[in-house]
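See the structures that follow.
The two complexes that follow have chain A in common; it is paired with chain B in the first and with chain C in the second.
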Partner chain A sequence: MVLFEAILSGVLVGGMYGLIALGLNLQYGIARMMNLAYGETLMGGAFTAFWFLTLWRIDPLASLLFSVPVAFCGNWLIYRYLLTPLVRRAANRDVLEADTILVTFGLLFVFQGVALVQWGGEYRGYTYLAVPVHVLGATVALNRVLAFVAAVALALALYWLLRATRLGGALRAIAIDPVAAQLVAIDVPRLSALAFAAGGAIMAVAGTLVSMFLSFNASIGIVYTLKALIVVIMGGVGRMLGCLAAGLILGVAEALGAYLVDPGLTLAINFALFLLVLLVRPQGLFSRG
Partner chain B sequence: MARLALVAVGVAVLAALPLVVSAYTVSLLISILAYVSLATAWAFFSGRTRYISLATAAFVGIGTYTVALLGDHLPLPLVLAIAPVVGFAVAFGVGLSTLRLSGVYFVIFTFGLAELIKQLVIWFEINQTKTLARYIFVNAGGTLIYELLLAIAAVVIGGVWWLSQARLGYALRVIGEDEMVARHAGIDTTRVKVLVFAATSAVMSLVGAVLSLRYTYVDPNIAFNSLVAFQVLIMALLGGVGRPWGPALGAVPLVLLFELLSGTFPHHFGIALGLCFVIIVYYLPGGLMGLVDRVRGRAP
Partner chain C sequence: MQRRTVLKGGVSLLAAAGAPMVARAQAPKSIRIGYAVSLSGPYAPGAQSTTWSQYKLWAKDVNDAGGIFLKKHDRKVPIELIDYDDRSQIEEAIRLVERLILNDKVDLVLPPWGTATNLATAPVFNKHEYPAIHYTASAMRVRQLGPRWPYSFWALVQPDNGTEPLAAMCAQLKKEGKIKGRIAIMHVADQLGVEMATAMVDACKKAAVEVVYNKSYPLGVSDLQPQIREVMALEPDAFFCFSYPTDTFMVTEQAQVVGFSPPIFYTGVGTPFPAYVAKFGAKKNGVLLYGAVDTTAPGQKEYIERHKAMFNRGVEIGSIGTYGTLQILQKAIEQVGEIDRKKIRDAIASGTFETIADVYTFKDQVHQTAWAVGQWQGDEVVGIYPADKRGAKPLMFPKPKW
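== the complex of A and B ==
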């Protein structure tokens, strides 16, 4: 029974991992930018929810009305004014990738530094919907269930948008081949910027949801960036449902590892899974070919 | 030949410095020399191949922890010989599993490597030794550390200078320009990449081991400080990664700047560093060496 509870809590966190990996897939798979400062938006969303609740008693879900547009615009500005100039000057894709990694690595430290100066380095958290609910005989907090349901619903909505709408078709075309996409009259720069910004907005939502049940501090972003990267590689770059599934696998593996071995080794479990994928199926677990 | 003699005189003068300058200056020079070696080693692999390693902190920490674990039991020269071997072995394993594939895997893996090793060390210490801190009782004065680091820096820069004109240096450069071309030219790209990554990481571990002689106390958070990776990267970029002297040139002013920053604005350290980073990538793409080349009217 305790084992089942461990698996259940892994699934609940895994939904969140799936969501953040989807956002990264928008940034890396479609906009083709490796953003090492990706997790900083999650940190921002978490702190926004925290301060809105502690200072003004505003519900964390309502804080999304503020943090999502801010994250969207912020990421759009980063893409448009910091990253596109690099595209123009890069000789080839490898140079571009190296440049974006360096710039976003710098941004990571700027954002983290600002948060440290503003809010200090200590861990924060708040109590929200900490009501026990029973799921298949196990007891979990309502906030976790809410976060899981919201994450999966958002992920599925995104999947539907990419699969069934005209806009989604255009985005998938860019993911497959940005040059060919341009030839069939897809506005690649505009839609890439949109995808990048949407990835950031998703991270703000994830930050708000995570803050409901996990504590966080100014340097937490990097942890989620790393998890998102690993999940994207596991699921396959550009594969949306694959990412969701890989997120669940990672969540369950972490929870089982914490329960069976040691809770201090979650990162080691992340890396073990990552290594396994690299050695067995480097193209991703759910990629064709 | 005249140039070589000049370099030899320069090294001799540097070696004699501790006799005349204050202890504080020696400790500053120790930092400069350590970062000169780290940045030069980093640039030789990452600068040329464009596989950006974010794992410098991991290898420095491995060196530090080798001394912390073995310093009490083995003679110092042996410990200093073991540290680079451990660094080499870890880097070899990481390289072998990630460098066969595209660069992204390598970046992601090295991105979390310091944190991963830190977590494993913490887990080991809590479960096996029940302590989280170690004392380093090895007796080494500032002068010895300084001379050791000077020797390392001289060998590293000399080695990089020599290798850049050898087949290996050109092989790395071709890999950085276009890996497909490199493979068609008959370069065993995976072998070159893995071996050079492991060798430069071994240098980092050696520097970490020597630096640890300064400390009397280490814990995983001190040993695996992720800021080190960041500082080394920015020094190499500032100086310019394409030339043997470039990273050393970048290390000197930045060590002084960081010393000043951490003394006066400790909280704003990360922000200042991050901004330096962005500025260098946008406005100094070839580093200071690239700037010199452009002023002289040569192609970068």
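== the complex of A and C ==
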């Protein structure tokens, strides 16, 4: 029974890992932007939920109506005015990647600095939906279940969008070869901006959901950027279901390792798995390339 | 214009005539105090609220009162702060402390934030003979460092005397038949967590109480529920988690979700934070925690109001304690009456200091009777152990169910 609960806990944590990685997968996998300031959007979503609840008693889920459009527009503006010039001048993909890493690294400090000045550095947290629910005899917290459900729903939706729609086909074409995509009349700058902005919007959702059960502060963003990066690389860049699966594998491995070996090892297991994937399948577990 | 120059000359001549006035003229314009604290990077959250804001508030309070009174010059001299951000990097902190002393030639340097940073910069303070009262540092090593680092003072409770009262409390409750004496320990795999857990296990052995569980979890863990379940299955009646803020919040919330509510529930760093209050409300009642302050200490209420006015946020015991160490420094300077670092050091080493947090005395440079254990009782963190301290309140037992 304890084992089953441990696995279930791991599944929920894994869903959360998948959730925070989905947006980066859109930004990096489709729009080809390695955004190191990615986690700052999560921080923004978390703070929005927190302030809406503390200041005005507005439900964290309702705060999504504000934070998601803001994150979408904000990320669109970043792409349009900060990253597009880099795309234009870059000689090739490697140069572009190096440039975006530098720019978004700087952006990370700007956002973090503003948040520190505005909201101070202390930890924040609130209690929302921290009620036990019983799943097949095991007890889990409703807020974690919610994050898991959102992760699965978003991953499936993105998978369907990319696989079964015309827009998705165009996005996949950009992911494979932005130059060739232009030749078949795909509006690459517009759709790349869309993918980048959508990635930010998803991260705002993740931030809101994660803030319900994990405490956070102004400098928490980078932690989630790194986690998301591991999941994206493991699952395969641009693979939405792969991303969810990689998250689940990490979550369950952590929980099983903690239960069967020692709880102190969870991070070690995490990184050992990542190393193993890098050695054996550097293109990612679910990538065909 | 000319008349004014003559007038000025006359005034300075007049000033030169009287001896006390000469001293006044020689008095420094300000006492220059420097520090390097983490304002960015992973240490920033803790450093800002516990350390940096207290330095700012203290300087404002001192300067609002006209400055620190220096007997030698017979006047009050204001403080000038020189501040640097060590970006949460220990090498940077060491460089900056050295820079403050050698380049900026400040009169005094205040310590940085965090156990590791304090231990790493202490040799610099001692090499240049700058007295420092380290507050945000707790490690077994500081007890051995006394003679080697005569200019460093350690004001916080250390792992051994921070856990001994906990073991004694469990032994006592067991003797009274109130608990069976089954202890479960969880701790973060970081220096403080490991040292606290090790000290706790030792203390439990001495007090003859049984430790049924003792395991670590890594810093930055995202789920503690499986571990809490494992602990719960062992049915302990006292639970100690030597934790850091994020895991403190997590373990408290997840214990509530799975309904783990032993009569003794202890969590580490973060438990007294305003965020803990905001998150758990009345459920915090009865939770035990690391360290405390004397809530009856004179001046504390006024301090809390000034803090609120300056930063628009609540205080926690760490910020009160840090402010207390600044009062020690101020009192030591006033006792000495001049900026003579050797004399200030000796004044700190031998004095007894009434502050807004506690009455501080240092023996072997360590505040031996520091507050070890506090407890949320109603809306206040009260000091519980050592029980013979002024302001100590009786333990609330059992902790109310969640």
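The rule is short, and it goes like this: the second predicted complex is superposed on the first by the 273 of 289 C-alpha atoms of A that agree within 3 Å, B and C clash if a C-alpha of one lies under 4 Å from a C-alpha of the other, contacts with A are read in each partner's own complex, and residues count from 1 in each chain.
Heads up, the rule we're going with is that contacts are C-beta pairs under 8 Å (C-beta built on N, C-alpha and C of every residue); 3 or more make two chains touch, one makes a residue touch a chain.
Remember, it's a predicted structure, so these values are computed and weren't measured experimentally.
Enquirer: Answer with clash or fit: chain B and chain C placed together on chain A by superposition.
Expert: Here the two partners, once superposed via chain A, clash with each other.
Enquirer: With the two structures laid over each other on chain A, which partner does A:Ile230 touch: chain B (first), chain C (second), both, or neither?
Expert: Touch status of A:Ile230: first partner only.
Enquirer: Just checking: does A:Asp262 make contact with chain B only, chain C only, both, or neither of them? Give me first, second, both or neither.
Expert: both
Enquirer: Just chain B (first), just chain C (second), both, or neither: which does A:Leu12 touch?
Expert: After superposing on A, A:Leu12 lies in contact with chain C but is clear of chain B.
Enquirer: Per the contact definition in the header, classify A:Tyr123: touching chain B only (first), chain C only (second), both, or neither.
Expert: The second partner, chain C, only.
Enquirer: Per the contact definition in the header, classify A:Val131: touching chain B only (first), chain C only (second), both, or neither.
Expert: second
Enquirer: May I ask you to decide whether A:Val140 touches chain B, chain C, both, or neither, giving the answer as first, second, both or neither?
Expert: So A:Val140 only meets chain C here.
Enquirer: By the touch definition at the top of the document, which applies to A:Gln112: first (chain B), second (chain C), both, or neither?
Expert: Both chain B and chain C are touched by A:Gln112.
Enquirer: Return first, second, both or neither, reflecting whether A:Gly169 touches chain B, chain C, both chains, or no partner chain.
Expert: In the superposition, A:Gly169 touches no partner, neither chain B nor chain C.
Enquirer: If we overlay the two complexes on their shared chain A, which of chain B and chain C does A:Pro69 touch? Say first, second, both or neither.
Expert: neither
Enquirer: Show me the chain A residues, by the header's touch rule, that chain B contacts in one structure and chain C contacts in the other.
Expert: Residues common to the chain A contacts of chain C and of chain B are 109, 112-113, 116, 262, 264-268, listed in rising order.
Enquirer: Would you pull the chain B residues touching chain A in the complex into a rising list?
Expert: 50, 52, 54, 97-98, 101, 103-105, 107-109, 111-112, 115-116, 119-120, 122-123, 126-127, 176, 178-179, 230, 233, 237, 267-278, 281-282, 285
Enquirer: Which positions of chain A touch chain C when the two form their complex?
Expert: The contact residues of chain A facing chain C are 2, 5-6, 9-10, 12-13, 16-17, 54, 109, 112-113, 116, 120-127, 130-132, 139-141, 144, 213-215, 217-219, 223, 251, 254-255, 258-259, 262-268.
Enquirer: Which of the residues in chain C end up touching chain A in this complex?
Expert: Per the stated touch rule, the residues are 39-42, 44-49, 186, 189, 215-223, 225-227, 229-230, 233, 245-246, 249-250, 253-254, 256-259, 270, 273-276, 278-281, 311, 313.
Enquirer: Would you pull the chain A residues touching chain B in the complex into a rising list?
Expert: Result: residues 34, 36, 82, 85-86, 89, 92, 94-95, 97-99, 101-103, 105-114, 116-117, 222, 225-226, 229-230, 233, 262, 264-268, 270-271, 274-275, 278-279, 282 of chain A touch chain B.
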